[in-house]
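The two complexes that follow have chain A in common; it is paired with chain B in the first and with chain C in the second.
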Partner chain A sequence: MAKCRVCRGPAVIDLPRHNAHFCAEHLQQLCRRQVEQAIADHAMLERGDRILVAVSGGKDSLAVWDLLVELGYRADGLYLGLGIGDYSDDSGRYARDFADVRGLHLRTVDLREDHGYDVPTAARATGRVPCSACGLSKRHLFDAAAREGGYDVVVTGHNLDDEAAVLLGNTLRWDVDYLARQLPCLPATDGFPRKVKPLVRLTERETAAWCIVRGIDYQVEECPMAAGNKHLRYKATLNALEAASPGTKAAFYLGFLERMGPLLEGRSAAAVDGLRACARCGAPTTGEVCAFCRLVDVAAAHEPVPVEHLARRPRRAAGTASH
Partner chain B sequence: MKVLLRNPRREVDLEGARTVLGLLTELGLDRESHLVIRNGELVPGDTRLEGTDTIEIRPVISGGS
Partner chain C sequence: MAKCRVCRGPAVIDLPRHNAHFCAEHLQQLCRRQVEQAIADHAMLERGDRILVAVSGGKDSLAVWDLLVELGYRADGLYLGLGIGDYSDDSGRYARDFADVRGLHLRTVDLREDHGYDVPTAARATGRVPCSACGLSKRHLFDAAAREGGYDVVVTGHNLDDEAAVLLGNTLRWDVDYLARQLPCLPATDGFPRKVKPLVRLTERETAAWCIVRGIDYQVEECPMAAGNKHLRYKATLNALEAASPGTKAAFYLGFLERMGPLLEGRSAAAVDGLRACARCGAPTTGEVCAFCRLVDVAAAHEPVPVEHLARRPRRAAGTASH
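Now for the complex of A and B:
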């Protein structure tokens, strides 16, 4: 039986990138230390900060909320109801249950009830891919909730795999502005709260394991709108490299932060120069009306589109062919 | 053993014992993208799974960015 590298007790997980096994207790210790290091290395949080965690009901957002509370930070959550059928209903339930059990404060915004549209309808009405309509809505509404609620910082659950996959995409296109915005701590600028990603030193296998050993129920099913997207293809590519050479993802992304980060700092701040307030909602924008208000105009006027009309065909699932 | 797979959710029945890594390989699944839970407990790759075990193979990859 494999033993924990720290205590020699029975292991629950093998982590090839650390060339080690860990028991449940020392897996949690590893996760806490990685998050503490990310926060310290990038000056993400201060003890007195009012923190708003973007909560989806998935493993990463619940793990980062749990970890921050565990580390002594004061953090509320914000759940955004995206209107993606049963998937959103279940996700909201996981987020509410997590908050209820721990006595944490979860704010909620519902796209359909509060803004007159949902993600499938916005995608159809605007011609955007669903992930684009979803991302635009999330960024705008999390920023707005932080401003209105007096929060210092918005925390997201982006992990090492997320960031490595985005980095691969941005690098393949040499998109320098996007590379600059990928840093794990974006300082507050006029109209935008500080945004931080404390999980960037943890893989999603590790954040999922954190949830399992902590008894956190989360949304395991894949978003029906996301199946087969480019982000997943980048992740699959990186995981193939990781399998052949453990540590590749961490070396790729953390090396980017160490060596390219200093060269890119300031470029993300410069990108907000020249912004003005949206004539409708007051959010920072380069035009007269921000992209979110333009999306709402089109999507709220469109007849609701059921999620089944837009859901992507799932990838061929392993185990279905021969069993 | 009964094996629960996700995305889409489905169950398969397999005869005999094998290791966690052997099971993943047999199903064409990579270790970096999955965790294996035996009778409710997380288990590492070299764990021997028995025919009487109930197994969940949980994917850990999320599609959002």
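Now for the complex of A and C:
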């Protein structure tokens, strides 16, 4: 039987990129240390920060919330009801159960109740791919909630697999603007909160294992609207390279941060200069009315589109950059 | 039946990245134009240049030689006998036949006859992977032949698939030094000839098709020593991405040249400053004796190793940078 590298006790997981097995206790130690290192390396958080965690009900967002609380940070959650049928109903339940059991504060926003639309309807009404309509909604509403709630920082559960897949997509197109912004800590700018990704040094297999050994129930389904998108294809590509050569994924993403990040500094075209307040909602925007308010205009006027009308058809993927 | 995009005649090939079929004549036109564009975009060749083509007997090196002659350039070939068993014997025959039929001048160097070793023996004697020992030998001997023969430029047959696969490897490691040197035209420097890759805008499927419609017989086998190396794995990775989204490979490589090349200028650590003449052979080197002469010392003193002792075992791949 395989033994834990640290204590020689019975192992629960094999991590080829660390060339070692770990027991439940030392897997948790590894996860905590990787998160602490990510936070320290990129100056993500300070002790007194008021933190808002973007909670989806999946393994990554629940793991990052749990880890931050473990590490002594003060963190509330925000769950967005996206209106993606049963998938959203189940996801919301996992998020609420997690918060309830731990006595944590979970805020919720429901797209349909609070803004008159849902993701499938927004996708159909605007002709955007669902991941694009969803990403725009999430960025806007997390930013707005942070602003309104007086939070210093929005935390998301993006893990190493996510970031490496986005990096592969941006690299295959050599999208210098997106590459320059693909950082695990984006500082606050005019009206935008700081945004940080404390799980960038952990793979999704590791965050899933964290949840299992911590007894956290989470949504295990993939979003039905994401099926067949490029992001999942790039993940599969990197998984195949990783299987042939363990460590490839971490070297790719962390090497980018270390060696390309400095070369790309200042290359982002993010137009912070011409920003003003959206005439409708007050969010920073370059236009008269922000992209979110324009989305709401079109989507809320459209008759509701059931998720079954959009899900599981192969489609082109959306961009995934932040800000 | 599929029709040629240009003349509506019967097509011989489907090129999804161009979203079109082509007949034999217009496939050739496409190949010529892509080569002319690569030469022009990167200032690879001038009309009066004395050109030495690195000829392996495979489709790419014979295609590039044929294309350059077609386009009116004056180009000789150089074939290196690498001593890789039947593979090398057959390759040499294809190279000689090609030159003989066209009345072109093919120089030859044989590692065993002229330098007392072959690639399998060099790999075993030095503990290098074969692709590494082979690459070092080729770079040195092409440079030396160009210097001695008064050639302005060495042409290699690296195609889009080759360059994209090398780029993927360099990118997965974010090897900034290699990335900065991965250019289709490396200018001449102290004692090194200019090196150019006119096929970088053509895929290997296109160069194979060129050979077929031109009646060029070539070595179709992969080198037995390359089996399982990372370069072939990266090619397969890119082929899978290309199949899902035609144009990915060209966008990756050509986008790199266009948008990252300028950002990486001057980032190559190539130590041209401390170069002096090798005490043994006179080639430029940073040491007392150049890496090639040191390889020869060790390899020529070793008893010959038959190719069968080394081939077809999975192994880690070698780097593939030039200069």
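Quick notes on this one:
Keep this in mind: the second predicted complex is superposed on the first by the 305 of 323 C-alpha atoms of A that agree within 3 Å, B and C clash if a C-alpha of one lies under 4 Å from a C-alpha of the other, contacts with A are read in each partner's own complex, and residues count from 1 in each chain.
Operating definition for what follows: a contact is a pair of C-beta atoms (placed from the backbone, for glycine too) under 8 Å apart; a residue touches a chain by one contact, two chains touch by 3 or more.
All figures in this text were calculated on a predicted structure; none of them were measured in a lab.
Ranked by how many residues of chain A each touches, chain B and chain C are led by B. Of the two partner chains, chain C is the only one touched by A:R267; chain B is not. Of the two partner chains placed by superposition, only chain B is touched by A:C134; chain C is not. Contacts of A:E222 after superposition on the shared chain: chain B is touched, whereas chain C is not.
Look at A:N239: by the touch rule set out above, it reaches chain B but stays clear of chain C. Residues 240 of chain A lie in contact with chain B in one complex and with chain C in the other. Only residues 1-2, 11-14, 16, 21, 24, 56, 58-60, 131, 134-135, 161-162, 165-166, 203-205, 207-209, 212-213, 220-223, 226-227, 229, 231-232, 235-236, 239-240, 242-243, 314-315, 317-320, 323 of chain A touch chain B when the two sit together in their complex. Residue ranges on chain B touching chain A, taken from their complex, read 3, 5-10, 12-14, 27-35, 37, 41-47, 58-65.
Chain C contributes residues 171-174, 176, 230, 233, 237, 240-241, 244-245, 248, 251-252, 255-256, 258-260, 263-264, 267 to its touches with chain A in the complex.
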